[in-house]
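In the two complexes that follow, chain A is the common piece, with chain B as its partner first and chain C second.
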Partner chain A sequence: MFPYKAYAGKWLHVDLTARRVESHPYDQSMAEQYLGGNGFGARLLWEHVGPEVDALAPENLLVFSTGPLCGTLVPNPGRMEVIAKSPLTGIYGDANAGGFLGPELKFAGWDAVVVTGRSDGPVYLAIRDEEVEIRDADALWGLTTSETEDTIRQLWRDTNVKTAVIGPAAENGVLFSGIQITPQRSAARCGLGTVMGSKRLKAVAVRGHGPIEVADPARFYEISADLHRRLRANPIFEAVSAHGTPGIVSMMDALGRFPTKNFQMGSFPGIDSLDAEALEARAFVRHLACFGCPVACDKLYTLPDGPFAGTSLRSVEYETLNAMGAAVWNADIDTVLEANRLCDELGMDTISAGRAISFGMELWEQEILNLDETDGLPLRWGDRDVILTLLERMARREGDFATLLSRGVRRAAETIGRGAEDYAMHVKGMAIAAQDGRAQKSMGLAHVTSNRGADHLKAFPTIDETGYPDEARRRYGEAYLPEMAQPLATKHKPFLVKDGEDFGAVVDSVGVCKSGGTFVLAEIYWEDVAAAVEAATGMAMSVERLKQIGERIYNLQRCYNALHGITRADDRLPRRFSEERSPSGNAEGETIHVEAMLDEYYALRGWDQETGWPTRAKLRELELDEAVDALDLSPDRQSLE
Partner chain B sequence: MPSTSPRTGSRWSEDEVSIDITVRYHNLLRRAAGTGAQELSLPKGSSVADALDALAAVSSSALVGLLYGADGSVVPYLVLFRNQRLVTHDQFGMELDDGDELQLFPAVSGG
Partner chain C sequence: MQLRIHKEKCTGCLICTTYCSFQHERAIWPAMARIRIEAETDSGPFSPQVCRQCNAGRASQGALSPCAEVCPVDAICINEANGAWTIDAGLCTGCGACEDACPFGMIVFDGARGLAFKCDLCGGDPTCAAMCPSDAIEVRST
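Coming up: the complex of A and B.
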């Protein structure tokens, strides 16, 4: 009998090859060692998907996973994780989305859905509380994401059904396809939509009506109410709420941290056309929020006129304003919104799609590509038609060039050759988001240590982005100042990154949001999550224990990658960052060299300096003895030693 | 016409040698200021802190409330750039030059 509250207490295994669904009790030791969410998926991937499994083979898992705080009263508890081996990077992959699906899944009585196998034809998964069916989806295949969601709602005659759907890009095998989560949130990165498409799974639709019980209602209410009060009292709360992530555009530009022309620069001359104020003036309709979120960083935008009049969408984020704006030298916000809409409808990660375009544009500028190789498209910087045409072609995999880009910048560069690799801005195959490590040294380190390839959200070092010391002081104490709050300083940053990664693994495993208090605002920290988990679940939880869980999850993901051949040699940034000085903003003249920070980071982690693998002692300390055995038996271990 | 800083009480005349700077507002500061940017004339030798004082003298209470706390000190979450360079609060004594641009933000982070 599963002893803990706040969980549904069971998870669903869906075998699409056998067209069979099975209910499994949630394992007590899984909850105690990995919490849920990200940890649950990472553990299953470790156990069941080895290096021999291709990411698009039926044997890959696709895990939709919630955590114990998802759907409860704590602030912004609408987050869920999707985990699988990534077809984009070939290593551990995950993506996280807000919205309403995670809570709905728990209301239906399930902590997670684990999909294996491959269906003969298109199907979708229908979950109505305890009733679960695999249904034919011939009529849905080929539809855009919103068409799919609308059709399911009509079929169910229920406007409150929550869905995870893929678009045509995933069906067509675009390697950076995402999964759209009700309402227009995206589990965008790592190409997990492509995994879903390979299984012929068009959608997961969920309707739930049950409660989530907590172990100590009075204490949990008190803790939740206190967290809500603290968030609202935070001096930055109003600014985050007013504009959401677009609110940081202008400051990131001033910092020289806003990639422009494929990271040639860190500030964009047309920034006034892309910032939060420009977006608000042009298209703001109203504020929106994910489940249980007091911040309401989401907004609804509609273009009132112009060539894309009527384009209406939500979740326009900082990253997309960069990827479809400055990164491709485009100052037309209408084009950014239309590109955002296309990516959402076709089901592609805006970051990777945008980076594919800026990569192509720089190759054109460098005269590495000619018209014959681009299917007749002159890839001029900022050309609206090129941007939108390439998005459509990539999603449909039309033409050799767009098909090449649809495999991500690393593979495209390898195929093109002739020096193209120098302009593919990725780490481990994952395109780098709008976070230039030259302008914020901790972010440069975070990109190389992230377990899913280049990423700002694993360590999410918000503490030193702005030079605002109070958050650093509150979290780490006076002894770490002033460097901990300085974006260009390297001192203390390995610790900042490690702590962020471990805390982030916990945040992604309990089911709350990184932009609503845990990282952005930096108000909610280890002791708060420990108290909330204990009151919600009844599981004895200390800060020390929670830290060990975070560390365990992060180390297991690293071990997974080690088995896939990842070593220290892969923990590196593209050449541009160490050899080309930033010409922009506060980062003018800066490069970044991660090696010294990496030495310190490995030492803090208890990882081997040569290989970058977790040491046997560290793994045994984390009760990961089976990982010791697996790494010892790996062919790479012999060659590395 | 003399300009006065209510915070410092200092008075100066435009007959003195002055500098002209541009102040650009972002996020909530722009809303409170009601404009994206404004020009400011200051006596030569003025510092960043002097500029903030001068701004407060001519700004709405909403904007002043985002610049200064109840104790009269600059709020710690004000992020300021001078000519695209981050200026920390302990550097607010630095002298400004004619033609400088200051950018003011609330300390929003994320990504």
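Coming up: the complex of A and C.
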């Protein structure tokens, strides 16, 4: 009998090959060692999907996973994790989305859905509380994401159905396809939509009517209501609430941290047309929230006129304003919104899709590509038609060039050769999002240590992004100042990155948001999450224990990658960052060399300096003895022991 | 006391429904919330629906709300301290007459327990209004 509250207490195994669904009780030790969410998926991947399994083979898992705080009273508890081996990077993959699906799944009585196998024909999974069915989806296959969701709602005669759906890009095998989560949120990165497509699973549709019970109602209420009060009193609450992530566009541009022209620069001359002020003046309709979120950083935008009049969408984020704006030298906000809408409807990650385009444009500028090789498209910087045409072609895999780009910048560069590799801005196959390590040193380190390839969200070092001295003091103490709050300083940053990765693993495993209280507002921290988890679940939880769980999850993901051949040699940035000085803003003249920070980071992690793998001692300490065997870490291989 | 809604401020976060259900059920259970958010689309516009506490201001003169009017066992009575029509769960037989009578669809019926539920203004301190982050729900004394 599963003893903890706040969980639904059971998860679904969906075998698409056998066309069978099975309910499993949630495992007590899984909850105690990994909490849920991200940890649950990482653990299952470790146990069931070895290096021999191709990411698009039926044997790969696709895990939709909530955590114990998802759907509860704490601020922004609407987050759900999706985990699988990534077809884009070939290593550990995960993506996270807000919205309403995670809570709905728990109200339906399920903590997670684990999909294995491959269906003969298109299917979707229908979950109505305890009733679960695999249904034919011939009529849905080929539809865009919103058409798919609308059709399911019509079939069910219920506008409250929450869905996870893929678009044509995933069906066609685009390697950076995402999964759209009600309402227009995206589990975007790592190509997990492509995994869903390979299983011929078009959608997961959920309706739930049940309760989530907690262990200590009075204490949980008090903790949650207090967290709400603290968030609303936080000094940047109003700004984040008013503008969402677009609010930081102009700040990042001033820091020289807003990738422009495929990272040639860190500031964009047309920034005034892309910032929050411009976006809101052009298209703002109303503020929108994910489940249980007081911040409401999401907005609805509608273009009133112009070539895309009527284009209406939400979740227009900082990242997309960069990927479809500055990074491709485009200052036309209408084009950004239309590109964003296309990616959402076709089901592609806006970051990786945009980076594929900026990569192509730089190759064109460098005269590495000619018209014959680009299927007749002159890839001029900022050309609206090129941007939109390439998005459509990539999603449909039309023409050799768009098909090449649809496999991601690393593979595309390998195929093109002739020096193209220098312009493929990725780490471990994952295109770098809208940060520049030259302008924020902690972020450069975070990009190389992230377990899913280049990523800002694993460590999410917000403390030194624009300088949060008060938060740095509150979290780490006076001794860490002033460097901890300075973006160009490297001192203390390995510690900041490690702490962020461990805390982030916990945040993603309990089911709350990093853009809400935990990282962006930097209000909710270890002791708050420990108290909330204990009151909600009834599991004894100290800060020490929670930190160990975060460390365990992060180390297990690293071990998974180690089994897939990842070593220290892969923890490196593209050459541009160490060899070309930033010409921009606060970062003018800066380069970044991660080696010294990496030494310190590995030491803090208890990882081997040479291999970059966790040591025997560290894995034993984290009760990951099976990883010691799997990695064959015999004592003589351990230089640190 | 009455709840006044400023629907243009609603972001659709559902915090009111989670806290409402917790206040009354000691569980997070939006399906049982006594407040409901209607949405034209997932991205709004939203319209929070709350009990109007019909005729509460004239209850002392014997006026009844439509739900109280039809209750065959007089389980719905006015709480004079705050003006909320309140269902006595001990008396409720689960006949569903109040659900049919409410012009605004604000009676929540739980088939499993065979009982009807409605907004009781949390005994005078409505949690939905207290927790709404965008001030879309206002408490007005009447």
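Some points to look at:
Following the convention adopted for this analysis, the second predicted complex is superposed on the first by the 632 of 641 C-alpha atoms of A that agree within 3 Å, B and C clash if a C-alpha of one lies under 4 Å from a C-alpha of the other, contacts with A are read in each partner's own complex, and residues count from 1 in each chain.
As a convention for this text, contacts are C-beta pairs under 8 Å (C-beta built on N, C-alpha and C of every residue); 3 or more make two chains touch, one makes a residue touch a chain.
Keep in mind that what you see is a predicted model, and the values were worked out from it rather than measured.
Superimposing the complexes on chain A yields a three-chain arrangement in which chain B and chain C fit side by side. In the superposed model, A:107 lies in contact with chain C only, and not with chain B. Which of chain B and chain C touches more residues of chain A is settled by the count: it is B. Look at A:21: by the touch rule set out above, it reaches neither chain B nor chain C. In the superposed pair of complexes, A:155 makes contact with neither chain B nor chain C. With both structures placed on the common chain, the touch criterion links A:209 to chain C but leaves chain B unconnected. In the superposed model, A:184 lies in contact with chain C only, and not with chain B. Look at A:288: by the touch rule set out above, it reaches chain C but stays clear of chain B. When the shared chain is aligned, chain B comes close enough to touch A:238, but chain C does not.
Using the contact criterion defined above for the overlaid structures, shared-chain residue A:331 touches neither chain B nor chain C, since it reaches no partner. Taking the C-alpha centre of chain A as the vertex, the lines to the centres of chain B and chain C open to an angle of 80 degrees, rounded to the nearest 10.
Minimum C-alpha separation, chain B to chain C, in the superposed model: 17 Å.
Interface of chain B with chain A (complex): residues 26-28, 30-31, 36, 75-77, 79, 81, 84-86, 88, 103, 105-111. On the side of chain A, the complex with chain B involves touching residues 235-236, 238-240, 242-243, 245, 247-248, 250-252, 254-256, 267, 272, 275-277, 318-319, 433-435, 456-457, 460, 462-463, 465-471, 482, 486-487, 515, 519-520, 584-586, 588. Listed in rising order, the residues of chain A touching chain C in the complex are 71-73, 107, 159, 182-184, 209-214, 217, 221, 225, 228, 232, 285-296, 300, 312, 314.
Residues of chain C touching chain A in their complex: 8, 11-15, 18-19, 21-22, 25-32, 39, 42-45, 131, 133-134.
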